[in-house]
Amino acid sequence: MGVTAVDLATLLGFLGAFGVVAAAIFFGGSALVFFNIPSILIVLGGTFLVVLMKFSMSQFFGAFKVATRAFIYKLEAPEDVIPQIIELSTIARKEGMLALEQAEVKNSFLKQGIDMLIDGTKPEVIKNLLMKDMQQTVDRHKWGAKVFSASGDVAPAMGMIGTLIGLVQMLSSMDDPKAIGPAMAVALLTTLYGAVFANMVALPIADKLGLRKVEEGRLKAICIDGVIGIAEGQNPRVLEPLLKTYLAPSRRDRDEGGGEAADAPQEQAA
Amino acid sequence: MGVTAVDLATLLGFLGAFGVVAAAIFFGGSALVFFNIPSILIVLGGTFLVVLMKFSMSQFFGAFKVATRAFIYKLEAPEDVIPQIIELSTIARKEGMLALEQAEVKNSFLKQGIDMLIDGTKPEVIKNLLMKDMQQTVDRHKWGAKVFSASGDVAPAMGMIGTLIGLVQMLSSMDDPKAIGPAMAVALLTTLYGAVFANMVALPIADKLGLRKVEEGRLKAICIDGVIGIAEGQNPRVLEPLLKTYLAPSRRDRDEGGGEAADAPQEQAA
Amino acid sequence: MGVTAVDLATLLGFLGAFGVVAAAIFFGGSALVFFNIPSILIVLGGTFLVVLMKFSMSQFFGAFKVATRAFIYKLEAPEDVIPQIIELSTIARKEGMLALEQAEVKNSFLKQGIDMLIDGTKPEVIKNLLMKDMQQTVDRHKWGAKVFSASGDVAPAMGMIGTLIGLVQMLSSMDDPKAIGPAMAVALLTTLYGAVFANMVALPIADKLGLRKVEEGRLKAICIDGVIGIAEGQNPRVLEPLLKTYLAPSRRDRDEGGGEAADAPQEQAA
Amino acid sequence: MGVTAVDLATLLGFLGAFGVVAAAIFFGGSALVFFNIPSILIVLGGTFLVVLMKFSMSQFFGAFKVATRAFIYKLEAPEDVIPQIIELSTIARKEGMLALEQAEVKNSFLKQGIDMLIDGTKPEVIKNLLMKDMQQTVDRHKWGAKVFSASGDVAPAMGMIGTLIGLVQMLSSMDDPKAIGPAMAVALLTTLYGAVFANMVALPIADKLGLRKVEEGRLKAICIDGVIGIAEGQNPRVLEPLLKTYLAPSRRDRDEGGGEAADAPQEQAA
Amino acid sequence: MGVTAVDLATLLGFLGAFGVVAAAIFFGGSALVFFNIPSILIVLGGTFLVVLMKFSMSQFFGAFKVATRAFIYKLEAPEDVIPQIIELSTIARKEGMLALEQAEVKNSFLKQGIDMLIDGTKPEVIKNLLMKDMQQTVDRHKWGAKVFSASGDVAPAMGMIGTLIGLVQMLSSMDDPKAIGPAMAVALLTTLYGAVFANMVALPIADKLGLRKVEEGRLKAICIDGVIGIAEGQNPRVLEPLLKTYLAPSRRDRDEGGGEAADAPQEQAA
């Protein structure tokens, strides 16, 4: 059963890191100088507009929807899918493929494979089709991560462009030496914004989305191995250890009913 | 049916990003200091001339023609090609390969494959030939993106060279301390130009052209799978889901007559 | 026999490098200016929180446990495993597979393979299963190294963010010219901390963990080759040189009873 | 027929880029400050000596000979080789392999393959041998590009070393504040030289040599496919489109007698 | 016959590059300011200690032994090994495998293969074993290059750490404005040392060791192809051109008795 869970690591990391930076700013005196709307516009606006150029409308806006998956996600744990596959394999061996029609399969990707088994599709065809499907899914999920990793590349560049504009403006009209300091402070702000957005927002989200892609790919790989195992009439006792190689050793002998921590489904990616 | 469409993402991103930078310049006072013809010449001229060294005349000038495809493009949507392939496959199974001669095939790559089927060419030979063709097409399109990505590498270097020349000139004749500021402002301009051209023009165009390459590659991969499926006499009901694995799940069951947004053909790349 | 050993290279390198840096600090006068708690918090705290965003809770905390393996580790030397495999192979050829049940196999991965041999599992199935297991183990160990290498990427960025915050604060309130020097010194501290943590802690640990992964992968590869050799009834005299290709030439003819230096098991990774 | 041609792209780019930089220098006043023999020695001399360390004598000096190929080159156009292969294939089918002995084959690589056909060597052996030859040729040509790309890496580093030496000298004897400017100008010169040499000489030559390697590799691939096609007695009408997949579509139907521009042979690399 | 030879390229490059830098230092006045023991300690000592953390004791110290191979080396020239293989192949065809026992084989890797031929080992087994041996040798030699390339990465970082320490010390106690210049000169020294050590020592040695690895790999590949050719009873006239594809064309028809330059064995790597 897929569980919708908050990714505590992303949430705590995000709030904590911004908390630390905010503390450094407030600790140092006037925090107001760190807030400059034109600088925010040039860095954030410029970054998003440049990244938009690099992708399609739907990739770009899709990435923001996908980004929520860095914070909240829904993924069946491999530990829950494997026993289900073993059960299906036992049914198939005892009562034949057609008996699988009665079984309730929750994972839609696994269901797709089982349905083809019931229809009598050849194992090679099933494998070919499921593999392509897995590959395409992984490809598609890759784009969400790519939009954010492109933002992480562009943001420091936009920050530098903003700082250069500020420096040129300051240097070309250096009448009052007292104004140099504050003008340079403002010029540096865009570099700061670019570094903060890239390193504390865009790149971590890109990496977390990459992790989701790996988790989903592995879950689908387990389903493919399982369906092919059933199709070939493999003994459930041979199939089970094969599927469990996808799990960390500490999780292999685990009972289903454990009081798992919120981030349990992620651990298999470790 | 290939549709010529404006790539709104490239256009909006381009205009928006330059708008943001222009706003930052005008907001800060005199915009004239940001306009310096010798600096533009050294950065843009130098970049294009160095990039010309790296490629051939026809690759270089071809890249500018290809670059328009980042803004305006023409590509058949996979959703439109797949039903056509299924139709051809149904005809071939019912009435034989020769009946395909009557069918109207708009996509020229698909037509090439179907013509070989009608001629009775062996499936392996067809696959081999179409695969090589696809590979060569992708290779050729790669060069357009390469010219722009090389420009994105060279431009900041030319900007730095311009700034170094300016600094050496300023430092070697520092008679009037008041002239230092404006002289340094001018020296920094080439770095600014290089950063703007690389990050807001050259690299985004290179990335968008890379995206076009992926889209075209996938469309051709669908055609190859389709032609081979027809050649092997595969059941259209088996062929259809196989070809649809290339589409995002949300698009698989779509009716042809939808009111698609302008950037629809791109979404499959997502 | 797996030996728990201190990795002298990691330990000496770590203590020595910090000793050199500490000497440079104390040698230069007041060491107190180099100790600034807010700067430590923003660099170390910020780095760990941002890295936490990129991984899952269990990957993140697991990495610290795994990090101890950079200093202390337990790995059977391939030189000790190979004679054991040869012995098992001799038994299997002389007395049959079932005789292996009597043999004491200490390496748990090797034991898993031998147990399957005794159960009469087919060689292809054994190879497939052990290969997958090896791959998954390597994948899992990879994450520990990844957490530290991500820390090595993030720490300099957090150092730069800290320095930028300090510079903006200093520049925006430049009343007392005498305060500029010390304020800038403090601003630079975060860059220093970031460089020290990345280059002298995070990246070396990531690299050492990568080395452990290679060593473990090779030990498992030896076991797989050995088990398959036994399964195919290969002559121990053919099997031995094959397995010894995994060793450096200088170690191939070594007697088991040598007075090996503490870091002996590592040398094979050379 | 191989044609010796000047690569206009390299020549125009090279002269133009140096013209732009020279204009920027003369435009800014005294050009003499930009000419400093010790700085030239440390950057160019240092770069070549360090690069010499990285390669062998013959690789290093061979690279300079190869570098002329970035400006002047001799390569048969694939459009000229393909009809020749088709002709040979027609002869072989009509009159047998031995009739090929009469044919005049200009391309030496193609000749090598045809000679083996006449000798009755097995197709697999021919393919194996020609493939290895192609691979080795590509490998060898790679080194020329590598020497220049290494120079492009080392030159900026030598420029930085020169600037650091200049800065240390200036800072350690800052008696006359007026001398600081000119001293710093000289110190910056090595950085400028390093950037100019790397970005406007070494890297473009490395890239152009890489392009030559691709062109030569493709010509040899066409010859291999052609020889194997002849060996297998393939129909010239099947062989021709297969070989033409190596050409850009615009060139496939071209008549041999066109008035091609000087850089025509390069276009196929596009 | 392996010849021990001095690698003139490494030696001349090394002495020349340091000569150029030394000239730049002496030319600029007092050379003493460039010599600072604590700065040397922090850069060289720190670099070696950090690199030690990344490898094992034996890899680290082994790398220094291997590094001498960048200056002095011993490798049989492929041109000398190929005729020997052809001779062995002629003997084997005329007088049978057992006659090979009489032949004197100097190259120990080739001898290993020939010995297995005499023992009647199956070609597949020989190939498998020799390939693994070659792979493991290449892997092991890789580590020497890795230690130096890691040093090339770490040294500039240690240089920056040293400079940051110096800057913090200078800025935190800026009492005497006259002392700023010399203090900053000393602070910059570590950056200079790091750049010199990385670019003029560590990275060139790493690259030269990488070249040795390629040469040795090719020599072993020639031996494997030769032994397999003999095992399959290939005609020496077929075997010779196959093995000669590993040589540059200019060397293929060379007589053994040429007056080769000292660096001759390297040229084949070109």
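By letter and in written order, the chains are A, B, C, D and E; residue numbering begins at 1 in each of them.
Here, a contact is a pair of C-beta atoms (placed from the backbone, for glycine too) under 8 Å apart; a residue touches a chain by one contact, two chains touch by 3 or more.
Predicted, not measured: the structure shown is a model, and the values here were computed from it.
With centres set at the average Cα position, the gap from subunit B to subunit D is 26 Å. Note on chain placement: the centre of subunit B and the centre of subunit E lie 42 Å apart, centres being C-alpha means. Annotation for subunit E: no residues touch two or more other chains.
Contact topology of the protein chains: cyclic, one closed ring where each chain has exactly two touching partners. Following neighbour contacts from subunit D out to subunit E and onward until the ring closes gives D, E, C, A, B. Residues 7-10, 12-14, 16-17, 20-21, 23-25, 27-30, 33-34, 70, 178, 181-182, 184-185, 188-189, 191-192, 195-196, 198-200, 203-205, 207-208, 211, 238, 241-242, 245-248, 261, 263-264, 266-267, 269-270 of subunit D are the ones that touch subunit B when the two sit in their complex. Across the complex, subunit A is touched by residues 38, 41-42, 45-46, 49-60, 62, 121, 125, 128-129, 132-133, 136, 140, 143, 150, 154, 157-158, 160-162, 164-174 of subunit C.
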